[in-house]
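One structure follows; several queries about it will come next.
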Amino acid sequence: MIALFIRDVRLAVRAGGGFGLGLAFFLIVVVLVPFALGPETALLSRIAPGVLWIGALLACLLSLDRIFALDFEDGTLDLIATSPLPLEGVCAAKALAHWVTTGLPLVVAAPVLGVLLSLPAAGYPWLVVSLLVGTPALSVIGTFGAALTVGIKRGGLLLSLLVLPLYVPTLIFGAEVARAGAGDLAVETPLVLLAAVTCVTIALLPFASAAVLRMNLR
Amino acid sequence: MVLKVVDLGVARGGVPVLEGVNFAAAPGEAVVLTGPNGVGKTTLLRTLAGLQPPYSGRIILPDAEAIAYAGHADGIKAVLSVNENLRFWARVHGQADIADAVARFGLGELAARRAGGLSAGQKRRLGLARLAVTGRPIWVLDEPTVSLDKQSVDLFGAAVRAHLASGGTAVFASHIDMGFDVRVVDLTPFRARATVSRDYDEVFL
Amino acid sequence: MASIWEYANPKKFTATAERLLPVLAVLAVVALATGLIWGFFFTPDDYRQGSTVKIIYLHVPSALMAINTWLMMLAASLIWLIRRHHVSALAARAAAPVGAVMTVIALLTGAIWGQPMWGTWWAWDPRLTSFLILFLFYLGYIALWSAIENDDTAADLTSVLCIVGSVFALLSRYAVNFWNQGLHQGASLSLDKEKNVADVFYHPLLLCIAGFVLLFVALVLLRTVTEIRARRTRALLARERMA
């Protein structure tokens, strides 16, 4: 499983698309927002936490179909399924690799983009914390969606349709933490709920992902 | 390590394609499955590999993790080198040594090359070398000689012979003569009978 | 005693469904017609809401069915995953569009009701938002069914999606509640009689609900029979190609 994780990270780094594309997309979304809403600082700083969360979520969504599709096309997935690795572990390792190559860079880049949207100073730590706690759930849920659509040609759009409703709880609690943090309000409740959602998805969804992967390989 | 197939039936897309298939393969034996396109060779091999459940009958294996499977696609990552590709599969299967497989399939000179730069035949050889690093006794191969030239086919034949000599087993679908003794199982007589009844049941036939 | 699982045989199911369908259809029409006419013309206007209150006879039953359809799909999915009865999977597939339409009716009638009452067609109220999310789940479920060629794989995958979706729908419900406390009134019906709507509204409403349930059952039976036939056609064609 460690071998699989290392291989996935290595593939993302060498083939590009992993770090690069997601980050660039995040940047563009955030840059486009002031063009649409006007440059007024007060407005931007009020909506900054939400915009950054939406941007991170979309950037995360962008790279989901690569989790399994490439391995499915070149036969690797069949071979992994016949290897001694448990598929549940494979799904967990793949989700972790996706988070390291997509989620983590987004967390690191978010404060920089926060400057562009004049996020209030108090919001930075909570923005980073909320993304750090929330993005693993995005990767794990996304892995489930990718496993569902792995056998479908051009399944990217369907993948978004399936995954986005599942992102609702994470988005609500995550953006709430960032918003409350930026407004100097109490963040404990949404933060605990966000962490709970993440823990539950990490604990349960790899099993569902492995189950649907098995069905898809049949 | 005897592989036994008893009254095996397999289905593709929920419709039975083969039924009542029987054969056995002892250590040192190679079984070649033949039959026209679409008869269900690939489906049967995937069932053997455990990728899909049998529709009926049984597959008797001494050890659930005895089978190394190689399908139409080789599972090679273009941006990794030949060595990295092999080392990944070796680690997945808990093996340490890839030198033997590299030598056996004549990959020594290519070891540091990116797999994406290999020719089709070289890729196929790399895909087959993967079998050697799994350390599993029963090889299940789907059209292993596709896109191999004469020399590579010989190389492949030698590798399979060496595997058989060391007590391994091989089951594969192929159309060409390997140049060594194999047991041929023709799948044509095992085609599922076209039973269509008015009292259709759970399979809608 | 005959086991209920006998009806898992597609042939037996089809025969029984076709006998039941005309009866159910007639009952549904009668119940709906009586309930709606009674409700629309023979109940007094509400002292606060005026005649707008009467949309309750469409709004409440459709909202109930929107949720219960998903629960029925969940049950059918579990039966398919555990007992592998094809009819069960096909019934879940047949119910999904019906549930989606019920959700749309609930949202639309809600908007028409909300306009005079709250002065807005739409508000990001928790209940409204939850229904919108439920609608998205229906869309995803239907899209996944139609995207996969292999019927059994499609049944498997949608079943898992239904189960996972149920958990997330529930999570979303509470997340949305947390996110915004709403305008929507409490439940219109409950077993606790004190909080119920007044009796004059209550009886025709029950009749409308019965009508919607009957309509739902009839539609799902009809669509399931269609799915069974389509499935058999595909199986026969596949067999023909092979021979």
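Letters are used for the chains, namely A, B and C, taken in the order the chains are written, and counting of residues starts over at 1 for each.
Note that a residue touches a chain if its C-beta (ideal position, glycine included) is under 8 Å from a C-beta of that chain, and two chains touch if they have at least 3 such contacts.
Keep in mind the model is a prediction, meaning the values are calculated, not measured.
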* To do: Name the chain pair with more contacting C-beta pairs, choosing from A-C and B-C.
  => A-C
* Chain with minimal offset from the mean of all protein Cα atoms -> A
* Structure fact -> Averaging C-alpha coordinates per chain, one finds the centres of chain A and chain B separated by a number of Å equal to 37
* To do: Measure off the straight-line distance from the CA centroid of chain A to the CA centroid of chain C, and report it in whole Å.
  => 32
* Asked: Hey, how far is the Cα centre of chain B from the one of chain C, in Å?
  -> 48
* Listing for chain B: what residues touch at least two other chains? -> none
* Asked: Can you list the chain A residues in contact with two or more other chains?
  -> 218
* Give every residue of chain A touching chain B within the complex, in rising order. => 3-4, 7, 10-11, 14-15, 71, 73-76, 78-85, 217-218
* chain B residues touching chain C - in the complex, by the definition given at the top -> 13-15, 17, 38, 191-192, 194, 196, 199-205
* Quick one: in the complex, what on chain C touches chain A? -> 133, 136-137, 139-140, 143-144, 147-148, 153, 156-157, 160-161, 163-165, 167-169, 171-172, 174-176, 178-179
* **List of chain C residues in touch with chain B within their complex** => 8-11, 84-86, 149-152, 228, 231-232, 234-236, 238-239, 242-243
* Structure fact -> Within the complex, chain C is touched by chain A residues 144, 148-149, 151-152, 155, 158, 161-162, 164-166, 168-169, 172-173, 176, 189-190, 193, 197, 204-205, 208, 211-212, 215-216, 218
